[in-house]
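Alright, structures below, take your time with them.
Two complexes come next, and they have one chain in common, chain A, joined by chain B in the first and chain C in the second.
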Partner chain A sequence: MSKLPTPTEILGQSFQFLPQESQLLLITSVLGTSPSWLTYSLLHHSLTNGENVVFVSFINEFAYFREGGKRHGLDLPSHLKKGTLTFIDGFSKLFLPSVASQAQPITSALPPSRVGVIPSRGPIAPRQIPPPQSAATSTDPIKYISLGPSLSPSALKQLDVIKSTLQRLGSNGVRPKLVIEGLEVLLAAAGIDVRVIEDMVYDLREISSTTTILLPSDSVLLQTSPSSTPLELSHANLMISLGHTADAILSLRFLDTGVAKDISGVLKVTRGAGNLGETGGVVEEKEMLYYESDTGVRIFARGSGGH
Partner chain B sequence: MTAPQANAKTVQYRRTHNLLLGTRLLSQRGAPSPFTLILDSLEQSSTPLVEEYISRAKLLRVNIIYLSFTTLRPPKDVTKIIKGRGKSLEALQREIAAATTPASGGQSESIKVQNIVIIDSLNHLVSISSEGAGLKMGLSSFLVSILEPSVTIIATYHTDIPRISATTHNAYNPDPTELLKYLCTTLITVYSPSHIFAQKRALDKSLPPPSFGLDEGIEGSLTSLGSNTGWCETCGINEKSRGLIYELEHRRMSGRGVSEWFFLLCHAPSKKSKERLILLEDHPAYNPTIVESPSGNGSGGAVEDSNLTFSLGLTAKQKSDREGVVLPYFDAQSEEGGTGGRILYVPGREDDWDDEEDEI
Partner chain C sequence: MSFRKRSVVLNTSGGNNPTSNPTASDAPPSTPPTPPAKGVRPSFLTGVPTTSTGTASLDALLSGHEGLPLGSMVLIEESSTTDFAGALLRYYAAEGIVQGHDVVVVGVGEAWGRELPGLSDRKEDNEDIKRKGKEERMKIAWRYEALGNRRTTDSSPSLQMGTDASEPISLFCHTYDLTKRLTIPSSSKPPTYIPPPSPTSSSPFSSILSTLYPLLSTASSTNAITRVIIPNLLSPLLYPPVSSHPTHLLQFIHTLRSLTRQYSHILTIMISFPLPLYPRTTGLTRHLEHLSDATIELHPIPTFLARFEMTKSSSSSTSTDDIPQGLVKVWKAIEGKKGTGIVGSSSKGDGGGGVVGMEGGDDLAFMLTRRRMRIERFSLPVDEGDDDGGGGEGGHKAHNPSSTVGEGVGGVETGRKMHKVDLEF
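Right, the complex of A and B next:
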């Protein structure tokens, strides 16, 4: 089992998670600095404290996190079984016809105009469908989001599964925590308007305690000009809008001076506007180096060495 | 956006006139500015300034209406919170009008009630108003419809969020940001104190000023250190983040404009006054030349204020003792020593005196 820095080490001694406040942590990363260890650190903290966590991912399936969690001593399947962790998979079946529409006759589920496209998906669908149906009967704890092959207004209703899960978990008065990874997929691949996504995030934040959102922050996605493409503008819009309401922005990037053998990258924690209110612990801004190895992840100050 | 150089000639005039205007605008006494537009960014949020507006309005018993698009935890002293998400401009206008017009009871007293409408993100209003050309109401007519004589608007616009122009955009319409800047009577741009001071220090040494945030150009970096942190040597992290620097442009009824840089401190600078607002030039971190005058004793003051772990100054007794010291060979300069440059030496008992070798 390897060691991970605790959220206290990352966000500062005086920061505390407030169960009744809608806090927001924005984790940004570039290609090559995977933010997974930050996710595991937060999950570890929440799950060992017995809090309910809803984990939504649009870019990874559960097996990825199961393996990654195991390396860091985090037994996600057992938490899934216990019900403290709810995993919503928006990756495996995002563009497959939803389970509900499969129950209906195929002719109504597939619009005739799409016939040319569907056959290519044909071979995949039968292979993938059996597990969920058998799993659904054995109360599969993993929920799936499928928007269907073509985006229709009704398909957005599929995203409500996140909301209903949060509501069900929060019905006893204790708000669950929420982690969302890969919102950019909805923006880029599913073609959902950025305002719809933003509104969804605010709706979800209202009924959860601490929301953690992971987004890529590579320059091409952030440095926009008026001539940028709508996708670039949408991504930057989503990212900066969320940054304006966040309590803390945790950004991972490469070392500015090049590659080093014993440094994986730089972790920068800055205070967001959401943390300026009267309530809540204070996020301490800092810039640390981190090193990810088989023995875990270590964060250390610049110049204090890797040992 | 570059902050001004300290100007000793005009500072006295501005200290009296502009500071007064600044505090009057901040407390909104007598509604000097119907529409205040605050431009902020990820580096410095407008939240501390808005909270200052709210706390001062609270003292004047003003009705505070908070129109929230993105804020899930609004400030606590707010009279009424209106959620703006997912509503049309018409619906919002009706709600605000209902909140600002006096309730049915007690007409005589409620007529005088002042209202402040705080909008936490104009970006959302802009995107709602630009969504479809078929809308009856535009952004400007919405704002004008809220603005009654008893209402002042304080609205924040996040300048760094890129706007996605609608497909039905009319090329001859002005940009909404420009329109807002034109409509407002007071335009405030907020900055992070540590960033402004870093830029000032660089400019003082004729170096190019550093950039921050998205302009910094570091791959993967969204904000810079020093964002939303305020500036104070004595306060804790939470208290000091109440401080910020802002540039204010106020358009008077006469058409004359006043522009000034202010520093909203996290606590009152002295025990005498409770006013937290000062001119930026009156802050020692921005204008190092003013350190000397308040401390009084010339260069000694600057030395005392520097960050040393020991004292470089002298007490009165040390000074008088130093003046009383008679330096060795002092007599050589006045008496016979002045003639030949001889060394005056009186041999002591421990000296091994040799008459042949040693001579005086």
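Right, the complex of A and C next:
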């Protein structure tokens, strides 16, 4: 088991005073810097505090996080069993032909949960106490999103499973946390309009406490020029609009000066334009170095050597 | 920690049996000719099953696994109109055929498969690798020597399962001769070819995928290790223009990625991709890189330049074998430990040093000779004779004081050069 820095270590002591409703945390990374450890750190913090977490990934399957979490002492399957963690797998079956996905009993469990915003509150509200347990026992704890090989407008409804899961978990008054990884796949590979995705993120933020979004921020995806294609423009669009509404931005990048053997990269913490100032919570803006190894992840100030 | 790790490796290496046992129960009636675990060995780092890329020095690049972990997808980019990536892919395909794996070649016809390099018939060639490796290893840190010994001893148990006539199957990775043509051994299946999409189809990749699904599910039921090779993805010679549309290409790649996870016990995929047509400064290429497990760029440099640089300091003795034809850049290294994002291994002392070569951030060069492709550490030759070996290392961005590893290749070369320089003076 290895050690991870806690979110408080990363974001500063006063981070916990940030408004807990509809908070947005943006984690950006570049090719080759994996933000997984930040995810584990946040998951660890939330899950050990008994909060409900909905984890959506469009680029990795659950086994990936199970393995990685295990190395950081995070037993995701047990949280999945308890119902505190809900994993929505938008990766494994996202573009597989519907025939294959229909053959899976798991996806056939989707339609019942896929209901409109308002009606769903009615039937779910009565069973306030058991929802997590019943959810864990009655259905597969991992939900799948499958858009099918050819994207049809109706396929987008599949994404509502995120919303309905959040609503179900939040029906007892405590909003769950939300982590989304790989939205860029919806944008670039599925070809969903950036405005649809932004709307979806806003909708989801409304019904969750902290939303954490992980996005790649390579400069080629962000720098727009007259020759940019819609692919780059929409990614930049999404990134910038999220960056402007985020409460805090954590960005991972390589060391500017080259590769060092005891430094994995640079972690920059930036204050966003979100809900700051109302509750006195302030994210300390800082830039640190981090080093990932077998023994965990260490963050340290530039020049402190990290020994 | 160290104890736990060691036990993991030992368990799995305890004879590839965990992988072969379940198959032994399921598969034997259906696939007697293809022993499932042939050409598969546990990773030196984590014990996950790995298979060889057919290029020993490329295996060594894979974050300490010393092989390509099953269930991963490698993207080989080439920033020139040359076809060095094609050589890597052919080695990968040839290795698959020699090991009796299922080989699926996408987009190119059988002509591509007819040009697979044959096994080197020079008896000493395979020995040569071992011996040469050992010699070099003597100059490397002692812990690498240990690794090398394990490499030779470890590979032997897995071989006994194979009964191939043409070649002693005592190797995880064979040596090939580009001047020869591979004759497919009777024990191996000939490669399967998936034709390129028809120029008129509106969703170009769906035909490829629909051919691939049944192949994979059959292979999965018999636990046949499968290699999917996609040469020159998006090359206009093979793919219709519509296929470069992001939704088509990225959906295809995303699906391939999910297939590698679904069939993580049998499947590896290697793709080559022409950068001149789709430069790395485009979002499309970057998304492709994000979706692959490892991204390696071959950046050929004009030979004369390299030759000039080399001959300047060492006149005649350097054979053409030692002249690099280009640089190798590892943009995304395969994850050393699944789920962690750590690419290196701290047991090697390098940790996750960002863009990882063999050892954090060293410059790498490739050399394609008549007989084999090698990827080696690259350093500019020294101009003046100073202390041995160390001079060549000066140019490295991250000088690694903790070990003498950097001298593995550089040391040998510079050592020879030094000699020459001395004579000239």
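FYI, the second predicted complex is superposed on the first by the 256 of 307 C-alpha atoms of A that agree within 3 Å, B and C clash if a C-alpha of one lies under 4 Å from a C-alpha of the other, contacts with A are read in each partner's own complex, and residues count from 1 in each chain.
Heads up, the rule we're going with is that a contact is a pair of C-beta atoms (placed from the backbone, for glycine too) under 8 Å apart; a residue touches a chain by one contact, two chains touch by 3 or more.
Predicted model, so just to flag it, every value in this text is computed and none were measured.
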Scan A:I142 for contacts with chain B and chain C and give back first, second, both or neither. neither
Let me test your reading of the model: by the given contact rule, A:T245 touches which partner, first (chain B), second (chain C), both or neither? first
After superposition on the shared chain, which partner residues are touched by A:V161: those of chain B (first), chain C (second), both, or neither? neither
Applying the document's definition of touch, where does A:R71 land relative to chain B and chain C: first, second, both, or neither? second
Going by the contact rule set out at the top, does A:A273 touch chain B (first), chain C (second), both, or neither? first
With the two structures laid over each other on chain A, which partner does A:D218 touch: chain B (first), chain C (second), both, or neither? both
Going by the contact rule set out at the top, does A:V185 touch chain B (first), chain C (second), both, or neither? second
Does the superposition put A:I207 against chain B (first), chain C (second), both, or neither? neither
Considering only the touch criterion stated at the top, classify A:S264 as touching first (chain B), second (chain C), both, or neither. second
Chain C-contacting residues of chain A that also contact chain B: 33, 218, 228, 254
In the complex of these two chains, what residues of chain B are touching chain A? 42, 45-48, 51, 70-73, 75-76, 85-86, 121, 123, 127, 158, 160-164, 214, 217-229, 236-238, 241-242
Report the residues of chain A in contact with chain C in the complex, numbered from low to high. 31-37, 59, 61, 63-72, 91-97, 100, 149-151, 184-185, 188-191, 216, 218, 220-221, 228-229, 231-232, 235, 254-255, 257-265, 291-295
List of chain C residues in touch with chain A within their complex: 1, 203, 206, 209-210, 213, 246-247, 250-251, 253-255, 257-258, 261-262, 264, 280-287, 289-291, 295, 331-333, 335, 337-343, 345-347, 349-356, 359-361, 397-398, 400, 402
In their shared complex, at which residues does chain A touch chain B? 14, 21-22, 26, 28-30, 33, 194-195, 199, 202-203, 205-206, 217-219, 222-224, 228, 230, 233-234, 236-237, 239-241, 243-245, 249, 251-254, 256, 268, 270-279, 282, 284-287
